[in-house]
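These are the structures, in structure tokens.
Both complexes shown next keep chain A, but they swap its partner, so chain B is in the first and chain C is in the second.
For the complex of A and B:
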């Protein structure tokens, strides 16, 4: 490595981004990057650390919106969103990533930018229609809906271009009024595990407790999260009570979406476990 | 009444470990030390055609690249723990330090030495190796088909039969039960990966090697024979160990480090990372078993036939012994009057199989207990009753070794466990739960196991110790101890403290070092406490005698007049006499011209059975296939727990490990032969998924020769676990799954098969 850049604010960061080349690396929490650098003997010409740009760590939640800085750690995302019923899925997902040590270092921006198919935060941000605020070389900004963000081109996993970093994710809470959300993952064990299925569900109930509207996004099945309209249709008009019949019907919606027989069979269980969270 | 034995004490280096002061091998540094990084085979089977190290050598800080085509060809056997002799071990030197004929992905092709680890690893990645590839076998089917066999090679590497006991007269009227089981490979998963530091001094011709290992003298023999050095010029030091579980009982890194230290004439350090330890060291080999049992209608075992297929992986190492030795333990828990083993060994192009906690006994008991589960069903018998019918009682014999089982308490373990676990009530509760629940199914399982305390009768087993008292009355002990991090040193300090009535901080006890401590076989067969602890106890008694003799001379009084009380020697009828150890020690030096010293050898002529009974309660999620262990109770017949807190902790660890073997852990290979290389893909059972594991130690059945009646605990704790847990899963699902681990995929497949 020749240069390590450690900008102290967004302005310096914008300038630093202009110096990056295709051989450069950007360091957020390091829980993935440091392992990759060691395993693959990566030798970046420039390593850009986001550690000292405090604005990237901000989490601002108002009744109208939630703005979550890309460098907010999983532990802080969980703390800031836990108990807010529309954003609860964020707390569930961030609180279930890795181990406490990983949650204290790993960031939401890193989880999204790394774009692992098994990552948990992308499905939740997809569910909540987050907007991704991106900083470009020289300090210009652009904003993309999360769904578009994951439509990478030319073999890239995301829309991030050379020298671009995520600044924050913005969730419009006015659009989520009356919605509750939850996330549950199925791994090889209950904790410190990577998702085999990540299930993000948002429901809007009427005064009688009937599901008026539903959104269902699954992760760890395809390269990027995907919405399950068939499951949403099933949920509408029902009570969010995970009866065996309802869960089996919901599980059936996985058919054709995965080649893994295990995941197809296990889906009903993940639906039940996620719906159970709405009884909180 | 014992003051120290039976009390709970932290391990000797607990403070150092929690404060980060304890040095593991990876922490050691020396002036001018070179760091080694390995070059491993990237193909499962083939020959190295060429090695291009030019780019590696061009890197600044690289001291040299050593590989199969440019280095002296040193051969050894990783399994050797004793000198080559028909009475001990006759083993071929089947392995090279660097291989030009590679047998698995991860086989050693070469090594780079550099000024730091990063440079070494970077350089190793730049070495280009060209291979001529050969067909390979990654599983039993391919191996049996001989896919990987070269001309003249047989798919079956070794085959053996063992018969024990006599056929029973009423066998023909018995009920025949069978079972089929398949057990996966396992990774030891010690927290500390493999590591070694070696240095060679050409002026003295002395090679010094430090590593976490289970047998310093075994390594010394291997290295000295390999390098043509006299045994007294190779010093092997047992370093602080961060866990072994059998993974540091065969020699992986030491030969490489020794060769490079000698080639470079400077100290070297070699530390494997997790991937290297998983892929290139060794694992528990895969095993298949077809069992046939004949039972009387009342459940009595009349006959046991075991047909075993074992995969030794790329190198045979311990394989020939590993597939046979566990059979003997089949006669160390249950009364099996007649048993036959037929075992076959194959070799595949996979990570070698080797020593693993319990040395095959957990595998064999998993197979046997599966058969017993099937028998309980066939005979319509309660599983606990069936086992009670067959467990050995005091006064009986291990008919394989022809040794008394001594005061065994396996029956008590079962009876006490049945009561404490509320076995009958739980079975009823589970029935009600399962009837009312469409998704979750519960079940209970029980299993037993038996193990050894010493090599005896395989070898005449002995241990040696020396104790010397300083002129201040403190004691230094000298014995070849290999503490895995499980508390052997502390247990031995407690033994010395008990006998000598000295506080533990007055006793110093270092671990094995071939230049200092006496010859010892090392830590095998769960022999540490029984043998090394046994000799230390006897040696301490002898030291007491020496003290008494010196004190008697000092006081000019008959020895019978003297007695010990809290490290002070008193004289009956003369209450004013109170000699400290210091007084006697100094008097001895000044007047007798010798220090208070004792040397003892202990040869055992016994090896009582050491047993345990385990009870597991599980809940299977039939929708996701995940199994939760709801409750677990392990009961062990330990004779006398030296340090009960550590006995319990060690058993809890064994249960955790066995639960992993039953439900999660498996070592898989990609179609191109790459073994799993990360703990993110090898799913260890972690604490959040386990209940508080209950352990009960039954302590009224002492061994005849173990220290204070102790029996072994290190390996037996692992033996019944996978059997108890998998039995519970089968009962929950009313199934006969025999393929372990019973991971979510297999459980859902089983359910889907049944529904189809």
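For the complex of A and C:
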């Protein structure tokens, strides 16, 4: 390796991004990248560490919006959003990633930029219509809706171009007034597990406890998260109670979305477990 | 790169490759071999140390991420030849068999007790969920952490 860049603020970061080539690597928490570097014997020409840009770690939550810095760790995202009913799915997802050690280093920005199909945060950010704030080489900024962010071109997984990094995710909480959200994942064991299905659900209930509106986004099924309008239609007008009939009907909406038969069968159970979380 | 950080409260300054792992810096450059290398991929927890008070994998932490950070290893627990309460509790509860997982296990427990001095057995299991032990069966380990919490003044 020739160069290691460790910028201390966004201005320095913007300049550093201009020095990156196709052989450079950007280091966030390192929980995925360090493994890849070792497994593939990667020799970057430039290693850019985001560790010292403190502005990237900020989490600012007001009644109007939540701005979560890309370098906020899973542990801090969980701590900051736990108990906020509209953002609860973020806490559920961040709190279930890997082990405590992984949650103390792995970042929300890394989870999204790495764009593993099994990543948990993308489906929740998709559910909550997050906007992705991106810093470009030289310091310019651009903002993309998360749904568009994952429409990569030319074989890339995301819209991130060479030398671009995520600065933060912004969620408009005024649009979420009256909504509650939850996330549950299916894994091979209860902790330290990789998602086989990630289920992110947001519901808006009326005063009688009937679901007025619903959003359902599934992860770990396709390369990127996807919305399930058929499941949303089923939920509207119902109570958020995981009755066998409701869960079977919801599970049916998975048909045709996955080639894995066990996931089709497991979907009803994942719906059941996710709906149970609305009794919190 | 010139790396300046703290290990067990002492300032450390060394010239190193930015891609060098904290695990290798501790074991090979600083001779602190209490931190163990197990899986090398963030699964087993044997290499767990505290970074700014949080449990992290030293095998997934690079020198490029360490500037100014405070790292605590198992060697930092012993004070003036006396074992820390946690270390003693592991001995007294026979929570050690082969001992390879023990330093990581104790550092994860330490991180838990720093934040939560009075954890439930469930909270202890969650805090240790990233640490694998292939001999003990975990019961004695959870007991040892509960015991340490009690002796430190928590009420568990």
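Simple rule for what comes next: the second predicted complex is superposed on the first by the 280 of 280 C-alpha atoms of A that agree within 3 Å, B and C clash if a C-alpha of one lies under 4 Å from a C-alpha of the other, contacts with A are read in each partner's own complex, and residues count from 1 in each chain.
Everything below uses one rule, namely that a residue touches a chain if its C-beta (ideal position, glycine included) is under 8 Å from a C-beta of that chain, and two chains touch if they have at least 3 such contacts.
What you see is a predicted model; the values in this text were computed from it and never measured.
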item	value
Chain B versus chain C as contact partner of A:102, first or second or both or neither	second
Which of chain B and chain C A:269 touches, first, second, both or neither	first
Partner chain(s) touched by A:191 [first = chain B, second = chain C, both, neither]	both
First, second, both or neither for A:27, with chain B first and chain C second	second
Chain B versus chain C as contact partner of A:244, first or second or both or neither	first
Touching partner for A:133 - first (chain B), second (chain C), both, neither	neither
Touched partner set for A:41, first chain B, second chain C, both or neither	first
On chain A, the residue positions that both chain B and chain C contact, one per complex	191-192
Of all residues in chain A, those that touch chain B in their complex	39, 41, 186, 188-194, 244, 247, 261-262, 265-266, 268-270, 272
Chain A contact footprint on chain B (complex, rising order)	121-122, 125, 275, 438-439, 621, 623-626, 664, 680, 683, 685-686, 688-689, 743-745, 748-749, 752
Interfacial residue positions of chain C with respect to chain A in the complex	1, 17-19, 21, 40-43, 45, 48, 51, 54-57, 59-62, 64-68, 108, 111, 126-127, 129-131
Residue numbers on chain A that touch chain C, as the complex places them	1, 4, 6, 27, 30-31, 34-35, 37-38, 47, 49, 51-52, 75, 98-102, 104-105, 191-192
